[in-house]
Amino acid sequence: MVFGGTLFIGTVALWASKAVAVDNGLAVTPQMGWDNWNAFGCDVSETLLTQTAQLIVDYGLKDLGYHYVILDDCWSTGRNASNNNSLIADSTKFPRGMAAVADDIHALGLGFGMYSDAGKYTCGGYAGSLGYETVDANTFASWGVDYLKYDNCYNMGQAGNQMISSGRYEVMGNALNATGRPILYSLCNWGEDYPWNWGSTIANSWRISGDIFDSWDMADARCPCDGDDAWNCGLPGFHCSVTNIMNKASFIVSKAQPGAWNDLDMLEVGNGAMTDAEYVAHFSMWAAVKSPLIMGNDIRTIPPADLAILSNPAVIAVSQDPSGSSAARRWIYATNDTDINGRATIQMWSGNLKSTTGGDQSDMVVLLINGNKNTIVLNATLADIFVDNGPLGTAPQVKLSWEVRDLWANRMSDDEAKAIIDASSAVGNATTGYNATTIGAGRYNATKTSYADGLAANSSLLLGKVSTTVQPSGTITATVDPHGAAMFRLRAMPTGSLKRDEL
Amino acid sequence: MVFGGTLFIGTVALWASKAVAVDNGLAVTPQMGWDNWNAFGCDVSETLLTQTAQLIVDYGLKDLGYHYVILDDCWSTGRNASNNNSLIADSTKFPRGMAAVADDIHALGLGFGMYSDAGKYTCGGYAGSLGYETVDANTFASWGVDYLKYDNCYNMGQAGNQMISSGRYEVMGNALNATGRPILYSLCNWGEDYPWNWGSTIANSWRISGDIFDSWDMADARCPCDGDDAWNCGLPGFHCSVTNIMNKASFIVSKAQPGAWNDLDMLEVGNGAMTDAEYVAHFSMWAAVKSPLIMGNDIRTIPPADLAILSNPAVIAVSQDPSGSSAARRWIYATNDTDINGRATIQMWSGNLKSTTGGDQSDMVVLLINGNKNTIVLNATLADIFVDNGPLGTAPQVKLSWEVRDLWANRMSDDEAKAIIDASSAVGNATTGYNATTIGAGRYNATKTSYADGLAANSSLLLGKVSTTVQPSGTITATVDPHGAAMFRLRAMPTGSLKRDEL
Amino acid sequence: MVFGGTLFIGTVALWASKAVAVDNGLAVTPQMGWDNWNAFGCDVSETLLTQTAQLIVDYGLKDLGYHYVILDDCWSTGRNASNNNSLIADSTKFPRGMAAVADDIHALGLGFGMYSDAGKYTCGGYAGSLGYETVDANTFASWGVDYLKYDNCYNMGQAGNQMISSGRYEVMGNALNATGRPILYSLCNWGEDYPWNWGSTIANSWRISGDIFDSWDMADARCPCDGDDAWNCGLPGFHCSVTNIMNKASFIVSKAQPGAWNDLDMLEVGNGAMTDAEYVAHFSMWAAVKSPLIMGNDIRTIPPADLAILSNPAVIAVSQDPSGSSAARRWIYATNDTDINGRATIQMWSGNLKSTTGGDQSDMVVLLINGNKNTIVLNATLADIFVDNGPLGTAPQVKLSWEVRDLWANRMSDDEAKAIIDASSAVGNATTGYNATTIGAGRYNATKTSYADGLAANSSLLLGKVSTTVQPSGTITATVDPHGAAMFRLRAMPTGSLKRDEL
Amino acid sequence: MVFGGTLFIGTVALWASKAVAVDNGLAVTPQMGWDNWNAFGCDVSETLLTQTAQLIVDYGLKDLGYHYVILDDCWSTGRNASNNNSLIADSTKFPRGMAAVADDIHALGLGFGMYSDAGKYTCGGYAGSLGYETVDANTFASWGVDYLKYDNCYNMGQAGNQMISSGRYEVMGNALNATGRPILYSLCNWGEDYPWNWGSTIANSWRISGDIFDSWDMADARCPCDGDDAWNCGLPGFHCSVTNIMNKASFIVSKAQPGAWNDLDMLEVGNGAMTDAEYVAHFSMWAAVKSPLIMGNDIRTIPPADLAILSNPAVIAVSQDPSGSSAARRWIYATNDTDINGRATIQMWSGNLKSTTGGDQSDMVVLLINGNKNTIVLNATLADIFVDNGPLGTAPQVKLSWEVRDLWANRMSDDEAKAIIDASSAVGNATTGYNATTIGAGRYNATKTSYADGLAANSSLLLGKVSTTVQPSGTITATVDPHGAAMFRLRAMPTGSLKRDEL
């Protein structure tokens, strides 16, 4: 048996998931944060990190749950032979050392992430941790690191089947655990050797693809593996489009669970090469499939529209839902309305969320994705949305009425986003920021009220805007922008005198 | 050479299979029984098992051969460090302990099956047996367990080639054998790493696919691998439709043999999302390819029509045929009459059965399957049915006349099935049931007369209803419901003065 | 670099192959003989072997090169625990024991082959040699065995990559070599784990596919892997048609070399389910690609036409050509003239043979294969035939004239074949047979004059019948039967005053 | 993360590559030289090598960078059991021994390469180095060898996953390093087991395909693996066309880096079976993707046109560009204008080159390839050329104007090439050659001025001929011969007062 679908008899979930992920208590919901790579590559420095951390606070992103500030590759100058071969931080980029950076980030109430590689070199050609796992884990712990992104370059041929790859990654997992410091362990092995099979018992997340590119659906020979067997990719590559990664995720969504997530790679929102609709769809998708939400843009120059996307609490609440269950693709169709890249598909995804109605019916997230060149009206039937509970409309949920809430309707306006940005005066001035203005006063603050609690309390900020009601056996309809998505939360309507036997 | 086709010179089979399967004497014909997973998932309890066991007796299912009552995942609360790390049964779900459950089931003349996993955790997140094989096998034996379903979740990277996977599964096989108690060993590794190559020497059956779903042919990204190379699936997944699994079986049917069977997963008959025709085809198929026949529905609420399907002795006699030889797919064609899932194929399968005519000609099972949207008339030529004995009509059997017996014509009526259900009064009352009424008086009772003996005695209950005779080089015709199957037994007509040389 | 193509500058071959195959001195040309499996399966006996051996002599097949009489599976009754666990021959089937059978076969001037399996059981379920390689090799040697066919069933998971499979097969190879008796070692691992990469250093031949079936092109789900990646087949299966195996061979023809051959499986000629044209094509093909030529029919009842096919010295001379170089597929095209199995392709193969003209130009074998439903005229251009020496007509050979010899034109008549059969009176009467008549007086006798010597001497029996001459840049044309083949030997015409520079 | 794409913010490259390749300091740019295999196969001798070496000097090829003279297979006569089992050079072919040959080659200022095989035998059947790595490395070093091509035949099953193959090849790498002599290490494992993943840490280059054939696009069953998953080829084979190898390269171009290169196999330029346009495209492509440029023709009979191709300094300057970054395929389209092999595609590749304009904008190489039957006008938009810097025209480079330089416009005339050949009188006369004439006086001499220095100095010989200027968002147009290529260097035009914000 494969555990991944939820079995229902009538409306009662028959089982509750046990904690089977790596036992460090972290990433109970998908981790959130920021990583410098997508926007800055190797151009890293203390200043970049501390400025960004401050802005994450100032712009209210911290309050929305973005917690980890992650320093990616290119931070070291090698190993110190006279000090146990420990890694040396680049003193030009980080003149005060890493522990000081960590302290500053911790002082802001954020977590500090770092990067290494399960190989001889990092992808950027710096010293890798293969063979140095214990000393490096201890170094990271001593610096106050809370998160390790662990890459896959130059792995000396230690790949090719699950046993070899999992064994290599397990060494660092054990070393991190042995430090005694809880360090979120993020595997970056690009989906090689089926990490969804073995990642959950040694780590908190695992990449499922090559590196993301700031493109909706451009094909690139350097990111092969598309189509029906895309899950089996011996050449993960890079320059993978959003839709390429979404397709790879579609096969393995059930592998996500509390403490152990499919990682679709860092967000491109704000990096400038996709349209607003594309970024909305990208962010919606990553939230729905429970990917880590790691911002990958330059926060210091973030356009208001992108801040608005990243700051949508109703979408983030899907990501951080206590059920920890990924949405799944219910259908995908090719169409003839091909875009500039010669592609055209429409898709519908749905997935369970924890009930916010007090009844025994889970809420449901629904995504309608338009990959066509032109705007289109898309439909999602209750039969398709609830197909996991019974195919062809046999699910009992199809016989209920559902409140349909648009999760993007309450998106922050560009004006408001701009005001927040403007209100956060000088970078590094912790006394300013949205919290110091009236601008952000009504925004959701997950550091005070967790998403779980907010959902339990029916926080209106998290539930989206009621757009309609769908009747039993009915259909949800949405007009969707090209390369955009509509995203809804469905909540079961009270059934009044409806008896169990009638379902 | 691959042993799988039967070689005939004229009409004489040239070889007899030797016993090469795991040497525990079990599953000489495909195992039959019931498992709670498909209908109940983790919602297990002593009551569920004992009630179901009683109904299996009361409804005559035991007499038809359904022997094992199998408790699936979610029954433990961990390991007892002070007792050799043995597994602890959940005292809430099983207040009297497992041995008591086993005793009750044994008292009914049934066998008791349990579940564990060749990994760190079970799929449901409970304690797995990897590294604890000996202690767990001993525990199972001490409880009186007769059957172990052994799953594949959280296997710690111990997968990826045949040597790794077979080695992992062999440990438990050896541990079970070492207990001295005959315990049927059922591998649940979803077809990973070609278990049909190595399963037979360590176990009695092996799953060949991801988990079944209660659907005829709905595609689901979470069960990839369809088409011509479906046998090579690194992502077995779940939500696999009946036709998806049938397709996977088509490539490896020859791997089935007495004591060692391809397992197409538990039956969905009675779970409500397929049509009657679909359930008939599903059950027919599982019988013809010698899959274990493990009911997966809620027996306590079984609809009469589904009881009728599961109770067809003429079809079960195909499953339990002494020859232990699977039917094979002779042809499959795509058509244009696509159903709601966009699919349309027609198929014909046939296979050898032990002769019931006293001659030297094997009986033959023939399945015509209609995957179209609409009812269709399907044809099976003798040339195609007997192609294994010579292609293009060269088989000597094509020159004979055959009695054609419809194996579904004598299906129990819904009224009779309802009467049986009604006659079985209170659950748990062993003195009632179909045997206490006149309803079931004429039904086949395999606990008294084995299928082998019944066939040898030409029991009319097992041979189906004569529908027609097909002449040499002739064709069998059947009108088949959408997503349904026609199933026939062919018996060689006496050849009278026909001499060998004339064949 | 891959060694497989012959490099020419002008007309001079630039390298000569070195002996790299397993070092037992056997199978310098592809082995020839007979094996009981295809026709008899497990129905084996001393009588079958000795009668067949006698007829191989009587019908002149021995003189044509058929040397090994191979007993396949099902000959043992287990191991003798009190005699070093050595295998016990079935005393019912072989009442005088194996050594006596070997003696009889040796007395006829033939070699004796036996069968075992690199697994726990043979495919038929008898004791396998895995773990008993040394004792079994010694037993075989002690019995006078000259040939071992070594199968792949029940290999206990010892498969999945080249290292695992080659290691398993190497054990027996070493054991055979250690006996001191030259025993031809024939791997029967069905192409699993790329035996063409490692087979040549441990054995004399290796199977490249699942088991053959007596069919030209019937598809069967149990023999998957067709098309462009057919060389990569994790499920070899059985019931593989002639064209399925030819396709698999097309990718790896260059792996054949003296002492180490691709084995396309035993011949079906004479088993009755293919047409005469199909058997001609099948035999032509196996000869051209240097497969072992192991007859698989019942010699005792051989139809004259099939004896004529198997007895064509001009075709066998291609197989046994001293160059040991396989023909390669030059082109294959799909057509619309589909046959009863829905297939239609035409193909052309060609390959180098040792020069019989005394010049420095190799002879060439050309095969035109018609897979259509109807007779067709096929063409082969010199440009395509010699493409290995330069694409698009740039090969110097294209500028020569060639004598075209039809290798089937001198096929023995059915009347002559029948006369040979009739002349061989009682089975077992060694004083009769074709050599005792005038019928076979003029036939080729390779036991007196090797094919190498015969070719060197321009034996007219080996060179086929001159059918035409093809001019420079010309085309060979042949009318080819449905599912048939035309087969030619090309010999360079004297170039007279043609100078090297003009080529 | 995968390191391969260059990240830019505006116009500033954000990272600089570190030296991660095998640490021998060699092949900082792709190695150049000559190898005898493609033209001569096993027909090797001292004379061939020394004559060729002399002509490489005489024809100015040495001055253009062709440095290594590589002796391929078939040079030994086995091992000397009385001398540490060291390899013995064939005294017929090399009467003075290898050290003398090396001395002669060194005396000409060239490097000497040799060949062995990571198996029991070389592909030609000579003694392989598997198990003799240390003794052979020492022998090579003692002879003065500067380069080892290390093949993959007869590897005794030591293949099948990355760990096995990399481990096997690493042994020789370590042995070479241990000699203390810098020896360029060239893996010839045909792309098996993903050498691009592990090759860079043990060697300087790795083959990515089966052996090349002197054909543009002829399909051959013996070189399978074309299309979208061509990177995953378990049967590399041989007779791979130029376009087949280009396709394989397209997926893995990012793996090339200083010291570690994808090897597309030796050049066919000059071997006579391709058109001039095809050789131009072939050479252009190999340069653009940073394959080693190893001539594979007979230099002694080189046609003037081919000398002109091999002698184009503007194209070689792309190969030897200090950035060490491969071009990538930006698009490929199928067309209907199929050629004689039934193929028709057009492609555009582009890649970064080190800036020669003094600004911060990289130069760019652009290749337009016409695989059609007929001449065609092809277009490359700046948006596509710079897609790595931002898709759909979002790259800042698209907003600049670019000077377009045709890299083939200054190709040496056939008359000039003939004059050079004629000027080089007797083979072996080192005092003649192009340097002794006025013919080659103006040619580029990389032994005096490295390509890096020449580019830095804006040598007009390296930059091609200005053909046009392309305006912002503009398009480059070229008329391209059938199976030919247009190749351009783009250089950023001064932006004058253009401010950063305007980009």
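Letters A, B, C and D mark the chains in the order given here, with residues in each chain numbered from 1 onward.
Note that contacts are C-beta pairs under 8 Å (C-beta built on N, C-alpha and C of every residue); 3 or more make two chains touch, one makes a residue touch a chain.
Being a predicted model, the structure only gives us computed values, none of them experimental.
Participant: Which chains, if any, touch chain C and chain D both?
Facilitator: Under the touch definition, chain C and chain D have no mutual neighbours whatsoever.
Participant: Counting residue numbers used by both copies over all numbers at the interface, does the chain A-chain B contact come out same (over half shared) or different (under half)?
Facilitator: Both copies, chain A as well as chain B, present different residues to each other, with under half of the numbers appearing on both sides.
Participant: Quick one: which chain's Cα centre is the longest way from chain C's?
Facilitator: A
Participant: Working from the CA atoms, figure out how many degrees chain B turns to land on chain C, in steps of 5.
Facilitator: About 90 degrees, rounded to the nearest 5.
Participant: For chain A versus chain D, what separation do you get between their C-alpha means, in angstrom?
Facilitator: Distance between chain centres: 42 Å.
Participant: At what distance in angstrom does the C-alpha mean of chain C lie from that of chain A?
Facilitator: Computed value for the inter-centroid distance: 59 Å.
Participant: Using the touch definition from the top, which residues of chain B touch two or more other chains?
Facilitator: Correct list: 161, 164.
Participant: Please classify the inter-chain touch graph. Allowed labels: line, ring, star, complete, other.
Facilitator: Drawn as a graph, the chains make one closed cycle, so a ring.
Participant: What part of chain D is in contact with chain A in the complex they form?
Facilitator: Residues of chain D touching chain A: 1-5, 7, 9, 12, 14-20, 161-167, 170, 193-194, 197-198, 200-201, 228-229, 231-232, 250-254, 328-329, 332, 387-388, 390-392, 394.
Participant: Using the touch definition from the top, list the residues of chain A that touch chain D in their complex.
Facilitator: So the residues of chain A touching chain D come out as 37, 39-43, 72-74, 120-121, 123-126, 151, 153-161, 164, 188, 190, 210-211, 213-215, 218, 220-222, 224-226, 234-239, 272-273, 298, 340.
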